[in-house]
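Chains here go by letter, A, B and C, matching the order in which they are written, and residues are numbered from 1 within each.
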Amino acid sequence: MTLLLRRVRPEQVRELTLVFILVAVVAFFATQIPNYLAWQTFTDISTGLAIIAVAAVGQTLVVLTRNIDLSIGSVVGLVAYFVGTLLAGTPGMPAPAAFGIAIAMGGALGAVNGVIVAFGRVPAVVATLGTLAIYRVALVELSGAKTVTTDSLPAWLLNLPRMSVVSLGQLDVRPLVLLALAVVIVFQLVLSYLPYGRRLFAIGSNPDAARVAGLPVERDVFVAFLLSGALAGLAGFLFLVRFGNITVVAGQGLELQVVAAVVVGGVNIFGGSGSIVGALAGATLINVLQQSLIRWPAVSAFAQDAILGLLILLAVASDKVILGRLRTIWVQARRRDEERAAATAAEQATHGA
Amino acid sequence: MALQAGEIHALLGENGAGKSTLIKIMTGVVQPDGGDVFVDGRQVRVGSALEAQALGIAAVYQEPMIFPDLSVAENIFISHRDRGRIVDRGAMRRDAEAVLDRLGVRLDVGEPARGLTVAAQQTVEIAKALSLRVRVLIMDEPTASLSAHEVRRLFGIVKALRGEGVAILFISHRMEDVFQIADRVTVLRDGRWISTRPRSEVTPASAIRDMVGRTMGDFFRRTPTRPGDVVLEVRGLAREGVFAGVSFTLRAGEVLGLAGLVGARRTDVGLALFGIAPADAGEVLVDSRPVTIRSPQDALRVGIAYTTEDRRQLGLVFPLSIAANVTLPTLRRYLSRFGLVRRAAEDAVAQGFKERLSIRAPSVRTAAGSLSGGNQQKVVLSKWLNTRPRVFILDEPTRGLDVGAKAEVHQIIDELAHDGIAVILISSELPEVLAMSDRILVMREGRQMAVFDSAEATQERVLAAAMGQLATPAVVV
Amino acid sequence: MARDIFRRLVRWEGLLLAILAVIVVVTGIAVPGYLNPQNQINLLELSIEKAIVVLAMTFVIVSGEIDLSIASVMGLSAVLVAWLKEQGVPVEVGIIAALLVGALCGLFNGYWVAVIGLPSLAVTLAGLIGYRGAALLLVGDRSIGGFPEWFNRLGQQPLLGPFPLALMVFAVLLVGATVLLQFSGFGRYAYVVGSSPEVARFSGVRVRRVKLAVFAMSGVVSAFAGVLLLARLGAVRGSTAEGFELDIITMVLLGGVSIFGGSGTMAGVILSILVVLNLRNGLALANATGNTQAGVIGALLILSVLVPNLVAAARSRLGRGGSAEAAVIPKLSDL
């Protein structure tokens, strides 16, 4: 056991636990809900998950730097509406253009957050609480309270969610899911292997030290917000594709779900630790619970939120209480090893002398 | 002043002499108003931390600036710009091990820095500087939180760096460090250069003279007191994995010095008696009655007060006024029947302390954060004196204070003893402990080694006890 | 320094006052009858529940924490009264139960934050979702109305002169909160805990107890505000008061209370409530939608922090003497 503990870092235990809980939850519902393990279930879950997962990737980048982006819901709504209107107005617009515009627009909105937080030194909660409201206004003004409707959208867009890129047996892998998966993989690699990714950990871990070490803290934080916005833009595009109907309240409250996913996924809300894969696991767990509870006759569908609230609390508490203990054990084991080594070395030295 | 390659240059000066500002200028944190900096004979402008790095100037601080969530290897290489676009973990590990090897240190480079000791964290910082091809290494009070063993190891590393041609600017309050390691000594006073001399021409007395600008007599002075009844008795106090077997008695008007090297766990004894990190075994008797201390509230109830060594973080609420800080532990006394703060009463008591301890501030409504270190310490002392303690634990009360302020604090300690307060003085400065204490309890790695009367205590005896009288263990390589 | 804090206070509160004056004067000229007391009362009445919770939230933020669950507690308490009424419990008893549940919700948040040491942002996010979930469990997607006559009258009719009950409750709580925060020992503890929790602990302050009390207060006050909201609306759904937390937090922060805790005054918060309400009303009269009003307030919130930061930055770039620190900390030699 101690050997294992020394091999695996507490943070990795965290992600493994999450996967374990996920499996347990699925196994539980399989016994409760008839036909639960049908491929259709997974197709449903994965499609619903894509939007949250993409946005959660961006949120992870920001949270790692000890900040938070609460404007995500409004960015998703605004981008979905804007691109929807654009496509309704110019039906001939090619798909990549619409896709690119969504990302660019999200990036621009994120950049505004980034400038205010990184260069204006406004606390992220304050800044993004403000832009949450402002971006929503932009949507309302833009729309004049009109709605983007499904029938105004081009056919390719509407078919996108039902299309399947690969069919593994009866599991249809939707393009939305593939896209989300690609985003997750790319950004996990960015965090693990690019200097920029490592700097995000450094900044969140100790901002003062980051400045003293000459890291471009402001620029990096700015870019994190920009990326978070761009990914929210992409999520907005997915939102449009999935729902088709976009009203002025599109995406409202999404930011809370995304923050919840990130927190459940073990990303430290005070920055410095966490991973994209963890955030994805968090988002998946939340989504599986939501989708399954609706179909679970034993409990009212309205119990969803109550259970979700408890889950978040459990996730955070286990992080603090259990991981804290694991970490202590781990550090102590290390220290004992070191001391033993030191003692032997000292002994050898005296013998040598 | 000039700094030569391959020399260890000590920088001395009182607080406020301008040492920190000098470091900030050299590392690009602040810009000078005038004057020039030359590196290798070329005039340079250090505009930012990055530019300092490029010039080969690096600093190691008393509190290491590490990233707790990153691994040792990543901490070393985080600010490198030349390691390619993709992080090659394997290469980074190897390089990190190579750098640490040069320092003669072995650490698990994959381990997060969170679990490292302060000494190991400092080593990581030095390794970082080394990996950046450092030419000028500034060390700001690097020994302040190290044990003797760790200090020796650090000095070994510093000498090795000197051998590689690195110029080292070594800043320390500890005179013995300076005399042990420096090649030359520069003294600053009031932001001005005073002198630079080879170590052989400097004595502690001459250095102090240069620092204060006047000859210092014996500035530790105790007036004799007659100890009263036993106030505090401690039997076999222990805290699992921290310290054990601490026993002593303390009379009213007595000063008990707690001596020991860093890592001796003296502060932990103080924290246990004050209930911050309670003891889990042993007995504490106040006025011969056993008491249980599980929280600071318990300690205050039985009349134990404690001033922390970390004044900045733990001593004062900086934005609050002096008066509000003074009454913080005893706020209940200043509340009206409806729970409102009686400002007039609060101001009056603070005013009393301001005069008694001569706290230099415009008024008691002045924010505590705007005071100088010495005056802040006096506010801290006032705050605890106002609890009317029977036992007063002072943890490093003069750390970071300049000579004048130190003398004032010593004066206050002497007065406390006269007022019949039992004082426990924890200090890393041996001369201070020797001069101020009636008895000295020596600790080593959580164990009580000896108790000396002031008459029989000498630096040598205390130090021998503190080091366990063992042959000094060899540096672990 | 004391003078400096005073000056800054005057600057911040003065700024809010100036903004308030501009809004009132402009709308007063543009809209006849705007300054009519009855109009002002109506205006206040429409957001009075939020204003009440703002008072409690000020304590939470001053003590260095945040409570995102307030709106959900408001909804839960309103739903609970309605649900109990359906089960045949008198409304009076239901109200007491709601207040108790509110206190429990607050203590539950406080337990995880103060005793276990979890970040309040995460804990109360769980509360936001969980307490709302509890409300939904009780009523599902139904709407419950049909409350006794006296209850509705309390919420909808003036009680004394032109003043409805909620407004009078607010006035009383406002005075109480001001005294509690600025003049009482508890208020002093709240500042200390928010400013430097470790110093507080080392000074024998019962940090946990202070934080628990602050969260419990937040819960009770939110529950009470939820009951008042129920009385005013006369009916409740699972989604009642949804999203109020953002408005409430905005009002506190706009009042000059630092999100990092330890600073801010009740005077600023009151001015900020008035600014927000008048601004909303003025904008509404100018035919702006509720969302637009929220947007303008959001912009104001950002600017309120951004502008002083930019001014300080510009000043320190301009000259040596102008650096923020140099201005705040007097030199000892000057004394």
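Criterion: a residue touches a chain if its C-beta (ideal position, glycine included) is under 8 Å from a C-beta of that chain, and two chains touch if they have at least 3 such contacts.
Note that the structure is predicted; figures quoted are calculated from it, not measured.
Set against the C-alpha centre of subunit A, every other chain centre is closer than that of B.
Per-pair tallies of C-beta contacts place A-C first. Centre-to-centre separation of subunit A and subunit B, using mean CA positions: 43 Å. Centre-to-centre spacing of subunit A and subunit C amounts to 30 Å, using the average Cα coordinate of each chain. Here subunit A touches subunit B in the complex through residues 9, 192-195, 197-199, 201-202, 204-206, 208-215, 272-273, 327, 330-331, 334-335, 341-342, 345-346, 349-350, 353, going by the rule given at the top. The touching residues of subunit C, when paired with subunit A in their complex, are 66, 112, 116-119, 121-123, 125-134, 136-137, 140-141, 238, 243, 246, 249-250, 253, 259-260, 289, 291-292, 294-299, 301-302, 305-306, 309-310, 313.
Those residues of subunit B that touch subunit A in the complex are listed here as 27, 29, 48-50, 52-53, 59, 61, 65-70, 74, 78-79, 83, 85-87, 108, 111-112, 114-115, 128, 471, 473-477.
Interface residues of subunit B, counted against subunit C in their complex, comprise 33, 276, 295-297, 299-300, 306, 308, 313-321, 324, 328-329, 331-332, 334-335, 338-341, 360-363, 365-367, 369-370, 372, 383. Looking at the complex, you find that subunit C touches subunit B at residues 1-2, 5, 179, 183-186, 188-189, 191-192, 195-196, 198-206, 262-263, 320, 328-330, 332, 335.
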